[in-house]
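What follows is a group of structures, each given as structure tokens.
Okay, so chain A shows up in both of these, paired with chain B first and chain C after.
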Partner chain A sequence: MTPEQTKAFEEKVYAFVGKPIYTGPRRGYDDVNSAMIRQWCEVMGEKNPAYVDQDWAGKSTRGHLIAPPAMMYAWTQEGYKVASEGRPTDGQVEMVKFFDSHGFSGSLGTNVDQEYFAEAKVGDAIFEESVIESISEQKTTARGIGYFFETYAKFTNQDGVLLGTQRFRVFKFIPPEQEESAPASDDSLEIPTRVAAPRGQDNKWWWDACDEGKILIQRCASCGALRHPPRPMCGVCQSTEWDTIESTLDGELFSFVEMHHPKFPGYQYPLLVGVISLAEGTRIIANIVGCDVKDVEIGMKLKGKVERVDEKTILPQFYPANN
Partner chain B sequence: MSTLNYADINIGDKIPNLDIPITASLISCAALATRDFEPCHHDKAVAQAMGLPDVFMNILTSQALMARFVTDWSGPEAVMKALKVKLGAPNVPGMTMTVSGEIVEKDDAEKSVKINVTGENNIWGMHMTGSVQIALP
Partner chain C sequence: MTINVSGEAAIAGVANTEFSKNSGVSELELASVAVRDAIADAGLKPSDVDGMTTFTLDNTDEIEIARAVGIGDLSFYSRVPHGGGAATGLVHQAVMAVATGMAEVVVCYRALNGRSGHRYSSGVAGPLLTSDAIHWGWYTPYGLMTPASWVAMYTQRYMHLAENVQDAMFEIAHVQREYAAKNPAAFFYERPFDRSDYDASRPIVSPFKMLDCCMETDGGSAVVVTTAERAKDLKHPAVIVKGVAQAAAADMESMTSFYRPEIARIPSMDIAAKMAYEQSGLCADDIDAAVIYDAFTPIVLWQLESWGFCDLLEAPKFVLDGAMRSDGRLPTNTHGGQLSEAYIHGVNGIVEATRLVRGQSVNQPAKKVNNVLVTSGVGVPTGGALLGRPD
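Showing the complex of A and B:
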């Protein structure tokens, strides 16, 4: 869309704000009933006797069965026609079609906030009154470019008692281009692995040795000074000649952090990252594993093992030395 | 089946984690149990046309699992006051979602507690964050 087209589109779409979704309170096709409650509980793994156990409920504080509060919005859904013939027109459908016709055909429910004021009982009729409450400015998200719209709903029973309210937010977006012959592949659920360390001319040898289970330390061939991480020149005597020694992976914790946020796919949490002083004299950065966060302290003795941490990654990890 | 007492709950208490295997059956059957017949929750071809590898969990199921997680812990006399869910990465078959929760607020006047709940799947990360407010005896 050109900026002018976007402006024209937005003028029309924002006109939906404030429109009621139904012409009046809309009654759910089925009143609250134990069959639908049972099915819902079965699938959700819900064992709460307040929803399904008549005997228990009779003796409870309430004295009767209730519907799961989280089912509030289920009672007034359209049902199978959504899949077979499309949603019947209402205020929200009109707006959604307008989005769709301008390329914003993707839909994702992103938020549902419900407040409850009274519990629905078996036999209650559920009425919903809804309005399109707001539409955001254009947003760019991981799913694509689009708009968030929010509906506000009130749920009442046959006596006009307010059972609850709801804000429901949906993202309408332009779906990513799909190649016709190649829909989203079936194997994209690959288990994520750690971010691979770049291997360049100066450090590839170190990672190759790590892959073989050895942690090497560079040693200046001229003055004998050890250095880590790998680099081409000795910091003491500036010689570029070097060889290596293999670390025993005995060490002591010099410093550490616990990584909380953001969480990266492929890493196991809690994630402790330590700076370890090796017995040879150099320091190395590695994960501290095999102990509880609260038992980690600076100065503790550690023993490293070179281990496979995921399908693609082999790394040294350090355990408390007494393990 | 007993219900926790308001007096015994402390801010900072954690609810034991719950692992939920995500299967195509759970996604499609739960969508239907919530009366959500949008094809992307039961028809893989439609979900793939949206750019996802398979059918994905509808928000009313995420919400239901969050509610269940809390009342499993609290017991059946708890009265639900509010349930707020924000979705992140989709739940698709083959994942495992780990749900965890922590008590973050207590309201002595209402005898209600607020629990922050997250559901994180092992492949794409945070599926849902939100909070549940319940009143206790």
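Showing the complex of A and C:
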């Protein structure tokens, strides 16, 4: 698309924001019942007696079975007739058709966020109301170029009590050209790991020791000055001779950040990174773990451990020292 | 023999291309347009140019541009490394060339498809086969791999030591957006924001919100440097380069100098400031306006301290007293800066600083502007220049 065509396309597609997904609230085909709850829990491996054990639930403070909150979306699904008859036309169907007709035929559900406010018990009716809440600016992702759209659903019972809400995010994109029969690459099944430090002449020994659970600090063999990150020459006396000492990983936080955006595959969030002053006198960069960001402050005492963080990565991580 | 370059060179022509998110043209074309227009702005012909300077990061070869624009023989070419830290380094190289007779007319340029091509915000993840890879390897496994994250680390430390830093960061972002809102060339023309927008803006890396971070831009900027003598007879009033310096302070890493005794300041810029003031005979009191590199809001604070406009840790107060505003002590980043005009690695800042001395800024302060400071990117080896009216 030219920039002008993109602009014209976006004007039309953004007009779908705020459109209802179907007319009026939709009532689930079946009211909340123990048979469907039992089947859902069996598939999900859910064993909470509040959902599946009639006797236990009868003696509980509630006195009755409740439906798993995460199941709220199941009650109002259209059912199998969607596969045979298609969905009746609504705001979302029209928008998806519009994306498809402009080449954005790929669909990828990316996130579901649910919030729960009240419980549903056996016998309750579930009603859903949904709108197209937002459409992002054009994004370039590993899957291709496209737009994220988000729907917002409210679930209520027969008394109008809000049970929960759901945001569902879908990426509509131009699929890269590929042979239909091409087998899925094994890469796509691999769990991403952290971006590894390349190991060269001046740093391989440090990372090899880290793999063995030891954090070493380079020491000048001539004048004894410690240095980190490692480098081949002492900046104090210019000697190229060196050995190492092992750090006790006792430290104090000198500065820190919390990473929010962009989020990198292979990293766990919340992600805190600190500059740590080690007791030996050098500094090291590492993740701060085992505490809430609200409790992190410059000057706090830390204790490091060398730990495996993913299938391929072993790193020092620092915990509050009083833990 | 010692040569003092002060007063020996002048900026005679400047130009920017259109700034956009998708230029639709090659970087060679952006560079050629910026170079051509800067030469024309000087009232010179391409064949008058005999020198060129740019960033090592620039993807476009000098000789390719020379062929495209019709520049003839080149007797001087030079590249400056370290990303945005090169900005005034281009002028630094050109000044030395003209002051020493290596060239008579040098064009400095930078052009990039920074949004539609390679995006700096994508960080240093991915295949890296350069010598820099070892250095980044001390940070990437922990996820510390974007420019915002490195600068945020210094900022958190600064917030620990100084007062009212977040309010000052808002003031910087806000004042610059107010300027950009009145600058038709700025990306954020007619798009102001207020404190509630700032507070609600998306967190990037604590303590940075989105509005503390510069944008990504397609565009180009160029500056022509010639002798002060020749500049006298050209189209615009001469803008004299009174001082220009580059510096990399001791114990430096590119963006991650976390190992110095204190990290809440910019020692490289302290050195550049001292050198430029010594060359020019000027001091902070003589500077009427500034274009200060602003990839992220707090780096403006530390540079104000480096250039002596206030004491260490006092920059938040200086800024909150309204210093950067049009009627303030030091109108700063009057084009909107890289937060709100465009992100051309500081070279659009040299264009704006030149315009301020000429009296041609779209947000020209009411007071007389004799001398203007312009700086390069920080966290990397950096530099700065003092531009002004002829004495």
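Here are a few things to note about the model shown:
Following the convention adopted for this analysis, the second predicted complex is superposed on the first by the 179 of 323 C-alpha atoms of A that agree within 3 Å, B and C clash if a C-alpha of one lies under 4 Å from a C-alpha of the other, contacts with A are read in each partner's own complex, and residues count from 1 in each chain.
Keep this in mind: contacts are C-beta pairs under 8 Å (C-beta built on N, C-alpha and C of every residue); 3 or more make two chains touch, one makes a residue touch a chain.
Predicted, not measured: the structure shown is a model, and the values here were computed from it.
In the superposition on chain A, A:202 contacts chain C only, with no contact to chain B. Once the two complexes are overlaid on the shared chain, A:214 sits clear of chain B and of chain C alike. When the shared chain is aligned, no partner comes close enough to touch A:305: not chain B, not chain C.
Shared-chain residue A:258: touches chain C; no touch with chain B. Of the two partner chains placed by the overlay, neither chain B nor chain C lies in contact with A:102.
Contacts of A:3 after superposition: chain C is touched, whereas chain B is not reached. More chain A residues lie in contact with B than with the other chain of the pair chain B and chain C.
The contact surfaces that chain B and chain C form on chain A in the two complexes do not overlap at any residue.
The residues of chain A lying in touch with chain C in their complex are 3, 194-200, 202-203, 228-229, 235, 254-262, 264, 267, 271, 273, 275, 282-283, 285-287, 293, 298, 313, 315.
Remark: chain B residues 1, 20, 26, 29-30, 33-39, 42-43, 45, 47-54, 58-61, 63-68, 71-72, 76-77, 79-87, 92, 94-95, 120, 122-126, 137 touch chain A in the complex. Interface of chain C with chain A (complex): residues 22, 24, 121-123, 125-126, 128, 133-146, 149, 152-154, 156-157, 160, 202-206, 251, 256, 258-259, 263.
Across the interface of their complex, chain B is touched by residues 36, 39-40, 42-50, 56, 60-62, 68-71, 73-75, 77-83, 106-116, 119, 143, 175-176, 178, 183-189, 191-192, 263, 265 of chain A.
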